[in-house]
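In the two complexes that follow, chain A is the common piece, with chain B as its partner first and chain C second.
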Partner chain A sequence: MSSAKQRAYQLWTVPKDMLPFQLESGEKLHELEVAYHTFGSLNEARSNAVLVLHAFSGDSNAMKWWYTMVGPGKPIDTDKYFVICSNVLGGCSGTTGPASINPQTNKPYGFSFPIPSIRDMVRVQALLLDHLNVKKLIAAIGGSMGGMQALEWAKTFPDRLKSSIVIASTTRLSPQNIGFHVVGRNAIMSDPNWNGGDYHEHGGPKKGLSIARMLGHITFLSEEAMYEKFGRKVRKHGRNSPLSFGEEHEVESYLWHQGSKFVERFDAATYLLLTKTMDYFDFSDGYNSLEEAFAASSCDFLIISFTSDWLFPTEQSRDMYRALLRAKKSVTFSEIETNKGHDSFLLPNPEMEDLVRAYLEARR
Partner chain B sequence: MSSAKQRAYQLWTVPKDMLPFQLESGEKLHELEVAYHTFGSLNEARSNAVLVLHAFSGDSNAMKWWYTMVGPGKPIDTDKYFVICSNVLGGCSGTTGPASINPQTNKPYGFSFPIPSIRDMVRVQALLLDHLNVKKLIAAIGGSMGGMQALEWAKTFPDRLKSSIVIASTTRLSPQNIGFHVVGRNAIMSDPNWNGGDYHEHGGPKKGLSIARMLGHITFLSEEAMYEKFGRKVRKHGRNSPLSFGEEHEVESYLWHQGSKFVERFDAATYLLLTKTMDYFDFSDGYNSLEEAFAASSCDFLIISFTSDWLFPTEQSRDMYRALLRAKKSVTFSEIETNKGHDSFLLPNPEMEDLVRAYLEARR
Partner chain C sequence: MSREHKQAPYDFNLIAELVPVGSRVLDLGCGDGTLLEKLYLERRAFIQGIDIDPVMIQRCVEKGVPVVQGNLDWVLQDFNDSSFDVVILSQTLQVVKKPDFVLQHMLRVGKKAIVSIPNFGYWVNRFQLFFLGQMPVTKDLPYAWYNTPNIHFCTITDFRHFIKNQGWKLNAEYFLRSGKLTKMPMPNLFATDLIAIIEK
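Up next is the complex of A and B:
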């Protein structure tokens, strides 16, 4: 098998007779392409598929960004499972999004791209599964925004999955979460290169996007993880004064570096759209309770949270778990002790790895 | 007594023979003005003075921003005490700072203004006390950055105060605190109207400053306080689509409003400088321990923290308290149960009010 890094995504162009694709907002897409990776092989019974759902800044190359979880011999074992991962609708890694050409104007959508809902993303994934001849999944699994999609799968396509694995996620954002998104969006839209979202043909709001990402990184890390990573170490350079802007704490250099790297691979309009997607996500919207929102689901649920995650605190996963119990669903909840914060789901974690491995194995 | 709102500050021009004022960084100020308010009267024995120290965005008008604590009949009772509050060095509410004219260039300092240390601020306050003929304070009291100054008073001028009252503060910032400051500073410096800090004669980086403030506000509030204030209420306006940028969560409108208000009264260069002042503050720097850093202090200490303050968590106040105990100082520590977050020190809080009232009364 070639290394994950070298694999490019495959692109599926949704056939004309399946279009337009109408979003929950009522807006329509008249062209739709889906970037995806598959790893491993679909067995003859077509019964070994696992759908991996990426988080906000992920892409379809799950073996790269989730190297601890996806690959030969890994918990989501590509020697056993046919693993599918696609870039979300509105994304910027191959699937139709703000940088795509709007066939009605022959120019990039930019900021006029409709805000997808989590359900819209999941509906596109279901079309892709049809295309790949996969009727039923062993599991839909994802962390953070990927977990929201795993939840939505259980609600929208209850017959198409045996299990939903929801990691470091939530049924809806807190006002604090939304507040951080507001700051990030304003940083992007205040950048003069934002140009009202019309920038895809001439650069983009890199400074604003970089600031939004720096803020994101703080929220992904626990305070303890930040102490471990940086302490209060000061990196000296420039002016030799003991109190000057030529001196930086290590955390400053780190965030700056993270911000700068990010703008090379991510699209600012996607940042705006997908943060709004998450802000609007509310799993129990239209129901009287969370319990009721789960009523139509028939799959098993595995809920995993991390003690030091302050972005989507473990209490929110516990609420999910309790609602699923009240709804008499089959549910396993594991709160994993770690000091790494929200980031934990992307990092090596033997407890999470063992749990997911066993959970999938039991449902093969 | 006229209302607090109507009182303008007094301005003290530091006499030439006391200048230049040399900062810890080695840089020198050749002109220095201090904006201050006094409330109440100094008694004949000159023994009833209380110094109030403002936080990051405060000013000298303590009766306005700390209306719950300062005034006739209030805990810091202006019928009993001679209350002094001055705008900090580097501030933007009357005391010499970035918007002041640099006598060497006849233009505003802008970003070339030196970064003051907490000790520099306190040394300017001590000069003001000399000018006001106050030798010894009943207390130096402040919250947040004001608490850092109260701590520094106890170290730098141990003979000039009977007590140091440190509320919702810390002996040093965490990497997470510094990270939030980094994001705010970058938002300001990325605004094209920042112009390298040379903007005092033609507008300023209002968008960047507003973004920095929005972020600050999130960190001042607890998650629970945000739920209470906003829930997940959506404010609809503009486009009628269920998922659009014409719709906002209430938290978005609130933060936007806070940011917009702030830029009318605050200076961007002061924002940069004073966040660096706090980043560099480390009370035990140069000592082997926090305990040792307190060794030379001879005053009583009252440490107050709030359970839901996640900016300067209560654990940091507990560390202060323990170090003071080990240093065999007279210390009272009160962790106050509240769900209002860091903001608590500025809000009505009977427990804090009663405590400070009694503590000052016992030291009259």
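Up next is the complex of A and C:
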């Protein structure tokens, strides 16, 4: 992965004496690199760190993809906090993943890369915090898959954070969520260029990946938001597509655009792996109840959901706060009214911004 | 189902004294979290609030008071039996759809309930209804009938009957007149508010 081309992130090579890194699945990684960004500076007491956890298609550059939340004067204020964000294990934005070279074969892992668990991701982040000399976080915060990691932090490293902020997320996917992932994966694997996952040296399943992303984008929006964004407007297009009738609905061009933009930056095998990571995630695995799974946590929780999010609906957040109350934890829950769907956490939302700002401020 | 700070700060001192030090306290309709913050600071209580209003959720978060956004007409079902020592309902019973349901759950979730209610039997209210033939509008109850959030009014006598009929114990009663404790006889006529401690 040590390409000479300029990169925006910092890269930490995990020292040999800390390897191999064993995943929950039992498989081992003999080389491990972590791509990360830091914003702001760590204070002398090393007590102002906030860990930002990215969602499925995010990367370590939190100030870019979460521009509403991270930056100077923003709710996660880089003038006050030392903000850390790293690309997840199995990702394709710098951290070791399917596109990395497998030291045992000297070829990209491709589809043979082990499926990481949410806990594996979090354990890698904890190693990074050690490397950065950060003992305790004010908060671990994330939306969607980032929220799953924030939850896992509270369970796996209860002594290392004051609060876990979980936005538009869930303790486990619904069969409907998994169903969408199944269709996305099938689109990728049906692409002739998928080549059994051995494609990193030639092209790749771009069509399949783009279709998977188009489907994803439908699930990120609400019906109302789609009406607002596109209506039923029709326009001409010049693109050569097998479905070209000379014109298409606005929503069609939007989805095409999102799909084709996505394939330029995202790896198909990462898509497969990380959707599987989420499918397998069940916070209460190994416990009799969700309540029991939260028992060892000692941090405060802030749970935020959005009224129009039908991918991870409010009811899933309610399950979370109910279990937390039963486990006698300190919990704040807010359902924010918006018509923007699951995407809401990435969009400007004054209510979410104010809540997070005040929540962090109260724990500074 | 939320309490503005200015609406009912008066009974907070008294309520705080009624909460044993170190208790687990749940405040229903906790408003901006003033009472809970007080209980945390003065009674070293483990605190948790519930409110329906996003503005109040924000205010609680600013104070560092943990609060769950929810509707009292159903949110209490989310809580385990006896998971709190004290459950407080201050100036809120009259705004819920099912006061009996809320009180039943308060005594299921908490070992004891502290309830404060405005007294509809206060003489000024009676006066207005009797002589003017109008629904009372007073300093303590400033709303008109069509815009009031208060949909379930009762008098102190009504409340006592209700507690008795449910088979619960009314362990203590405190009467207030426009914010101050009063020892006046005939509280159902001369008190504006009641604070009661109820146990099963």
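Just so it is clear, the second predicted complex is superposed on the first by the 348 of 364 C-alpha atoms of A that agree within 3 Å, B and C clash if a C-alpha of one lies under 4 Å from a C-alpha of the other, contacts with A are read in each partner's own complex, and residues count from 1 in each chain.
Operating definition for what follows: contacts are C-beta pairs under 8 Å (C-beta built on N, C-alpha and C of every residue); 3 or more make two chains touch, one makes a residue touch a chain.
Note that this is a predicted model, so its numbers are computed, not measured.
S.K.: Should A:347 be classified as contacting the first partner (chain B), the second (chain C), both, or neither?
M.R.: After superposing on A, A:347 lies clear of both chain B and chain C.
S.K.: I'd like to know which partner A:187 touches here: chain B for first, chain C for second, both or neither.
M.R.: After superposition on chain A, A:187 lies in contact with chain B alone.
S.K.: Just checking: does A:8 make contact with chain B only, chain C only, both, or neither of them? Give me first, second, both or neither.
M.R.: Neither chain B nor chain C is touched by A:8.
S.K.: Tell me which touches more residues of chain A here: chain C or chain B.
M.R.: Residues of chain A touched, chain B against chain C: more for B.
S.K.: Which partner chains sit in contact with A:232 here, chain B, chain C, both or neither? Use first/second/both/neither.
M.R.: The first partner, chain B, only.
S.K.: Output check: A:172 vs chain B and chain C. Expected answer is one of first, second, both, neither. What do you get?
M.R.: After superposition on chain A, A:172 lies in contact with chain B alone.
S.K.: Does the superposition put A:333 against chain B (first), chain C (second), both, or neither?
M.R.: A:333 contacts chain C only, not chain B.
S.K.: If you stack the two complexes on chain A, which partner ends up touching A:296: first (chain B), second (chain C), both, or neither?
M.R.: neither
S.K.: Identify the partner contact of A:18: answer first if only chain B is touched, second if only chain C is, both if each is, neither if none is.
M.R.: A:18 sits against neither chain B nor chain C.
S.K.: Which chain A residues come up in both lists, the one for chain B and the one for chain C?
M.R.: Correct list for chain A: none, the interfaces share no residue.
S.K.: Applying the document's contact rule, which stretches of chain C touch chain A when the two form their complex?
M.R.: Listed in rising order, the residues are 24, 46, 48, 54, 57-58, 60-64, 66-70, 78-80, 83.
S.K.: Residues of chain B touching chain A in their complex?
M.R.: 23-27, 114-117, 172-176, 178-180, 182-183, 186-187, 190-192, 207-208, 210-211, 214-215, 217-218, 221, 223, 226-227, 229-232, 241-245, 249-252, 255-256, 259, 272, 276-277, 279-280, 282, 310, 313
S.K.: What residues on chain A touch chain C, complex-wise?
M.R.: These residues of chain A touch chain C: 300, 302, 318, 321-322, 325-326, 328, 330-337, 351, 354-355, 358-359, 361-363.
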